[in-house]
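Look for subunit A in each of the two complexes below; its partner is subunit B in the first and subunit C in the second.
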Partner chain A sequence: MKQYKVLLKKEWKQFLMEWKIIWFPIVFILLGLMQPVVTYYMPLLMETFGGSEGITIDPLVMKQTSGEVLASTIGSQFDQLGVMVIVISIMGMIQMDRKDGMLDIILTKPVSLISYVLSKYSSHLLLVLFSISVGYLISYGYTVFLFDPIPIQNVLLGFAYYSFWIAFIVALVLLMSAVFKQTAILAISSIGILFMIHMMKGWNRILDLLLPSTISAEAMNQIITGQGSEIFIHIVVTVLWSIILIYLTVQKLSIRKE
Partner chain B sequence: MLQVVSLIKSFDGKPVLKGINLHVKENDILAFVGGNGAGKSTTLNIITGIIEEDNGIIQINGINKSSSVDYKKQFFYIPDTIQVFNHVTARNWLLFLMRIYECNKIDVLNKYIQEFDLEHDLDKQVGSYSYGMLHKLALIAAFTIHPKIIIMDEPMNGLDPHAMVTFKESLNIYVQNGGTAIFSTHLLDIAEKICTKIAILKDGKIVLQDDMDSATKTGSLESIFMENQYDEY
Partner chain C sequence: MELVMQKVNKAFKEKKVINNFSLHIHSGECVGLIGPNGAGKSTIMKMITGILQQDSGMIKLNNKEMTKMKKAVGYLPQYPTFYEWMRVKESLIFMGQLFEIPDKTLQQRIKELLHTVGLENNEEDRIVTLSGGMKQRLGIAQALLHKPTFVILDEPVSALDPVGRREIIQLIQQIKNNTTVLLSTHILSDAEEICDRFVILKDGELVADTNNEDIFGSRFQNTLSIELVNEDIYIEELLNKQTYVKNIKKQHDRYLIEVTDIDKNKFDVMKIINEKRINYKKIEIYRENLEDIFLNLVVKK
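On to the complex of A and B.
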């Protein structure tokens, strides 16, 4: 436990040195800001920048509710561009240590592999969750300001559910980072798997129960309708997937050089 | 203190270590010498857990080799190429190592920092350190932490004359206080002066293991080494 705390502290110092603790939240603030602002000003933007000739906005189409706008921040910004930013920013967490021999050195010190892996996972998860929560908060503020208020319970529960999906993403990148040494392969495989899991959502009810990405859709439902379906099962499944991935990471790293 | 029995290792089917037996007692300073590719670094990497052995028994202070924290607490390893976190200052790197080993001897740390003449470079990032400075940093950490055994791969490489003198003095103090050291080196004249034991490795086998005094009774370590390495010598 002591070693875990020392390693965790080292990771946070590293984030500070690399300014990650500053620019990472800024990226998510921009992403969070984009959805409500663009949605609200879309007609004005089209008018100003042109390109609206021939386009008729159907007045019968219902205006987006504030809940839908905030949910779109998750679905359209965080789950797409945001996921790519997360993967690219944290994919070096173990890969860099392996590549430059640092992992070998750390593991000759009185540090258990589990402490090492957990310190990597928890520090990066905290960084990502902190950054996303700041972006989400800004998105919520602008949505309320430009549209209507959203019940705070829906906002908080929606984010809580979404955090489980983020925990899964970080666990997947952790494993990929332990498996691949080449940056390009690592990035492509991580993003590819995540998008595949995302795309598979909704194909089949049983598959939905097993997919960790369903919790992301449930988070959006929670924000829009204030209701989630089978949420407990989705949380358990996503947590289980994350634990399996962390376990596989430890197993992968425990195979020493031949 | 350190016991290595019948250590065997192959890479891609090619045997590199062919049954190494090493016995290092408390307070020994063992020079581990051999030609390039003889298997010195491989042996040290196996003892420290970087590489897995094919066969053999390794014990430090009665604890069998494993990935456990207990085993790893028994030694401090200084590899030939020292890897550090680039964005960390030397001071923070040393403090990080101290915390990992649960050592809080700040006075001792400061003493070694001064002796190795690193106090003015302590707030520089370790990424900017030269090869020799990194070795000094690792030696400061090792002597401060004072584990049961310090294992070093070519520790004198890159050290300036002042640091070399400090290294020898610090090693003596460390051993007098119950420490044990094993290091690989090509500097035979220095090894002869500071080591109490010698192990000569040739083609993955130990061809000579003895007390330094007894081994060098008939000639210098250099000549003993040459005799054991080259048949025509």
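On to the complex of A and C.
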């Protein structure tokens, strides 16, 4: 436990040194801001830049509710560009230590692999959740300001559900970071797997129950309608997936063949 | 602190790098692991520290698994690595905290060690700004921070300039007084200066396990070494006629003259050389040194 705290402190110092603690939330603030602003000003933008001549616009798009706008921040901004930013920013968490030999040095000290892996996971998860929550808060503020208020319970529960999906993403990148040494392969495989998991959502009901990405859709439902279906099962499944991925990371690092 | 390695094997994919290697290091010994590049020195050290797993065989420190003895072991890798964004002192504090050294003791220990390795004026420098030699010293400080009783040093002086090298050799000589040391090097004169025992490796196999006594014991063998200014083909002919000369061998730029009684015959040989006015650079009683043993075992085999 003592070593875990020392390693965790080191991770946060490193975030500060690399300015990650500053620029990472800024990226999510920009992403969070984009959805309500663009949605609100879309008609004006269309008119200003060439008008809407020859373009048929779905009238429903113009009439998005505030809940839908906030949910789109998750679905369109955080789950697409945001996920790519997360993967690229945190993919070096174990890979860099393996590449430059620091992992070897740390493991010659009385540090357990579990402490090491958990310190990496928890510090990066906290950083990502903090950044997303700031972006989400900004998005919420702008949505309420430009559109209508959203019940606070829906906003908070929606974010809580979405946090489980983020926990899964960080666990997946953690494992990939322990498996691959080449940055490009690590990035492509992480984004590829996340994209596939996202695409498989909605194929059939049983698969949906097993997919960690379903909780992201449930988070959006919660924000829009104030209701989620089988949410407890989705939480348990996503948490289980994350635990499995963390366990596999520890196992991967414990095999020290090369 | 006693290390026992028994019939250890290690292969990387299909290539066998350590073959049936056994070694017993007794408490307080300073052992030099010597071999050409690629002989398997670093692999053995990494297996001892637990960085690598052996495919088969046993490695135990004081009869316990290495994973349970991490607090007793200090390790300096061949290329010391650090979190380069950290400052010198900060890095040592981080490492010390991993060993759960109490704060007050740790501060005191860091002060002592930075003085010992000559980095007392660099404690607030970022590691990224240090030279290779300074990083090597910091690596040594890091390895000794928790007062280990078994120290593993992988090529500790290879990256240093002559002055730095001398300082580190002196430092190792200090620590070996109360610590068991295993160090690898390919600078044989350093090994000879520091170690009491030498384990020679070739292609992952142990080819010799010798000690200073064996090497210095050969000092008094009945052989003279003569280095001439110009190559003189008559010296062989001249000395061969002497009844006390048993054998003459030319080795590189010197002649090795084996005689029946070194104490008596060294003066006879000198007399002949002086009488015939043969110009020589050096005449000495030949002793086989570590380099001779190494070349004999590793190069010629």
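Here is the rule we use: the second predicted complex is superposed on the first by the 249 of 258 C-alpha atoms of A that agree within 3 Å, B and C clash if a C-alpha of one lies under 4 Å from a C-alpha of the other, contacts with A are read in each partner's own complex, and residues count from 1 in each chain.
Rule of thumb we're sticking to: contacts are C-beta pairs under 8 Å (C-beta built on N, C-alpha and C of every residue); 3 or more make two chains touch, one makes a residue touch a chain.
Given the structure is predicted, the values throughout are model-derived calculations rather than measurements.
**Q** Put subunit B and subunit C onto subunit A via the superposition and say whether they clash or fit.
**A** Once subunit A is superposed (C-alpha atoms), there is a clash between subunit B and subunit C.
**Q** Would you sort A:M46 into first (subunit B), second (subunit C), both or neither based on which partner it touches?
**A** A:M46 contacts neither subunit B nor subunit C.
**Q** I'd like to know which partner A:M102 touches here: subunit B for first, subunit C for second, both or neither.
**A** So A:M102 meets both subunit B and subunit C here.
**Q** Now for A:I193: first (subunit B), second (subunit C), both, or neither, which partner does it touch?
**A** After superposition on chain A, A:I193 lies in contact with neither partner.
**Q** By the touch definition at the top of the document, which applies to A:L113: first (subunit B), second (subunit C), both, or neither?
**A** A:L113 sits against subunit B, while subunit C stays out of touch.
**Q** After the superposition on A, what does A:L81 contact: first (subunit B), second (subunit C), both or neither?
**A** So A:L81 meets neither subunit B nor subunit C here.
**Q** If we overlay the two complexes on their shared chain A, which of subunit B and subunit C does A:I21 touch? Say first, second, both or neither.
**A** neither
**Q** Give the stretch of subunit C that clashes with subunit B in the superposition, choosing among 235-243, 271-279 or 289-297.
**A** Between subunit C and subunit B, the clashing stretch is 289-297.
**Q** Based on the A-chain superposition described above, do subunit B and subunit C contact any of the same residues on subunit A, and if so which?
**A** Overlap of subunit B and subunit C footprints on subunit A: residues 2-3, 6, 10, 14, 17-18, 100-102, 104-105, 107-111, 256-258.
**Q** State the interface residues of subunit A toward subunit B in the complex, per the touch definition above.
**A** 2-3, 6, 10, 13-14, 17-18, 100-102, 104-105, 107-113, 254, 256-258
**Q** Which residues of subunit C touch subunit A in their complex?
**A** 12, 46, 49-53, 70-71, 73, 75, 77, 79, 81-83, 85, 94-95, 97-100
**Q** Across the complex, what residues on subunit A touch subunit C?
**A** Within the complex, subunit A contacts subunit C at residues 2-3, 6-7, 10, 14, 17-18, 100-102, 104-111, 255-258.
**Q** For subunit B, which residues count as touching subunit A in their complex?
**A** Against subunit A, subunit B makes touches at 11, 48-52, 67-69, 72-73, 75, 77, 79, 81-85, 87-88, 92, 96-97, 99-102.
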